[in-house]
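Order of writing sets the labels: A, B, C, D, E and F. Residues in every chain begin at 1.
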């Protein structure tokens, strides 16, 4: 049994919360851990584009294997759960006249000491949500976690 | 117009994400800012107790004025929005056989440069959610923001 | 084909919105129409008691026939739809630390000119929702309509 | 402390419920009160257009100040809450093959005797919802209330 | 009072679950019963097309009378309830980057022994839901029942 | 690559739909497949008891390993998804004055030809939902599927 330094969810959240000064340290910390991850940005009034941007980044960075449905399924539900936190009630954006600008991270690894618990995935989102007018927005966050 | 150092939501999230080594720095940072805040813990299978613990802490620490309904209303909706992120789909705990152990923060202040935007409130939650059996749980987070 | 004076939903809403001066006129108006109705009050932190109070009043006043499931089913879904308007997001009260004080009406009749459209039912709710502390509350309403 | 004649929510509802005979009286009543308001109509299968029509009317009639995000935020959440009552379950229209024809009102003022409670906003909706075929529709209503 | 052989919901489900070997038997069974029904297929990322395909089939096969709103209303709510089972949380498809391939059945008849319970309608759905990439999908089902 | 005879979801649904004449054949069919499963009944106004009955049966029949959170997590989310189909809108029972009588099945196995897709779990529910009065109820179903 290994010692778990920090949760997979907290790791994912700290990546999206890090500002430009902190991001290097956060990334170094991740590289020293057993977690693999990717980090990106997306902004849209179309929820579909947000889902797609996260899926594409996770595939391109080999955080998940796009050939395996079980991995895509695990990621997909983690994304949807993170979007519940971002949208807080109705998982929709443009339909209810709002837009998001988000940083996202996808982290994969073994967060439990018991090796048999296997791999899990965390999707963290942080950014702004609001009217499609600059400045009419407030912060928002979301975290989805799934076994993979 | 003052310079805003960090968002009210990010500040609230960093308070609940801080571990025992980091909390002192996080609290010092808050005390240097113009934000007021409180920090606490709550754990229950009853959502009602979670809502109540946050409301009570915010009142006792004078983050909100319990005599004014507009302040209680702002806090209440921020709590509910944060719980959407924690519960991701159905705002219920024991009814669907799950329990939470959460750290919470409530932060109040002026997050926009334009003074006319007035005061806002952020409620951040971070902890675990899962079956009512120790260890059968994963991380969860939520953030609610409202004008006050 | 008869001339429909006023919608069944509007009739139900006006009954719950009428103050003590207006209620007599509203009831007279209903008695002159082809609609049958009942009117009542309920207040609780338990949603179950709200549902039950409306069902009981509708049975006792013979607005619906409790022996027929199709009538109870029509009423039940109309109540649930009205509660969506009252609770606006999560159909729960005490679980999320809030309480309601409501006037309710159940109206039954033929709101469409075409007789073949048969009977419909409307459930209207109006009152207050808020913290379980007097005064910390605002108004709320809901309307559910179903064929019977 | 002033005497509150009628709730801000009831005032908003009565404006959208008034028929052509009653509207003049309802508007006169509003003008005699301390509330400011606007009134309009919107019909669409696109929820976005409904939200937009209400926001635009509230801005143009100076019921809210579009320069201030706190005001737009208060209005936005009141609109969403009102739409929960209209849609009763899933805040969507065309996606689930239905359309609305609605009258809306936005009322702003001080509904509590205690002046410190400040200004609040009410959004009321009343009209029809149904299939995109004339006549295949029933009434619907919604009310959202927020501090401003 | 007649003897009810099988529930209207179970009948509807068995029609959509039947494979090519079983469908003839299932249809024969339906023709021997007092239920009328239709059966079809639909696949889309647009929920609107799914709703529309079911409504159109039910009209064309005279399972419901499209001239009567009460029948269309009964069918519509049964479809929406069935879609809750298919989508499990947010009634949306393409907006959250997923697609469905479904068989559907609409069954109409008298499922209760008491003749006064009248006619009811059942909508059953069975098929796959998943990413818009062949194979990245799992099974899904839904059942909606309403009085007509 | 093996030939998949029938989906894991369809298998789970047919187990709960089988009447007393059909259950033996359905169970024989399952025993000939590579799927493992359990079957049970539960009835309650408390959703918690429904969740608990399914979890307990799955553990006792060794369909899942209760020592592993990843297995419990997979099962839990499959149960919640199945309950969305049963409750169709608000995942609650007694709170909205209704009760269920359900048969449930939990099926585990490899439903995809590609062995790398690994094991999946299906939870199927079928029975009645309605008022807590005998006979005032209609059929309901739900299916949840997850990778394990």
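Miscellaneous remarks
Convention: a contact is a pair of C-beta atoms (placed from the backbone, for glycine too) under 8 Å apart; a residue touches a chain by one contact, two chains touch by 3 or more.
Protein identities per chain, from UniProt: A, B, C, D, E, F = Hut operon positive regulatory protein.
Quantities reported herein were computed from a predicted structural model and do not represent experimental measurements.
With steps allowed only between chains in touch, the distance from chain B over to chain C comes to 1.
Chain A and chain D touch with mostly distinct residues; of the residue numbers seen at this interface, under half occur in both copies. Of all chains, the one whose CA centroid is most distant from that of chain D is F. Ranking every chain by how far its Cα centroid lies from the centroid of chain C, the top place goes to A.
One inter-chain figure worth recording: chain D and chain E are separated by 36 Å, centre to centre, where each centre is the mean of the chain's CA atoms. For this pair, chain A with chain B, the centres built from the Cα atoms lie 20 Å apart. Here the CA centre of chain B is 30 Å from the CA centre of chain D. Residue positions of chain D touching 2 or more other chains, listed in rising order: 69, 73, 89-90, 92, 95, 120, 138. Against chain F, in their complex, chain E makes its touches with residues 6-10, 13-14, 17, 19, 81, 84-89, 111, 120, 122, 126, 138-145. Per the touch definition, chain B reaches chain D in the complex via residues 68-70, 73-74, 77, 112, 114, 116-118, 120, 146-147.
Contact residues of chain C toward chain F in the complex are 46-48, 51-52, 55, 69, 72-73, 76, 80, 83, 90-92, 95. Within the complex formed with chain D, the chain A residues making contact are 89-90, 92, 94-98, 130-131, 135-138.
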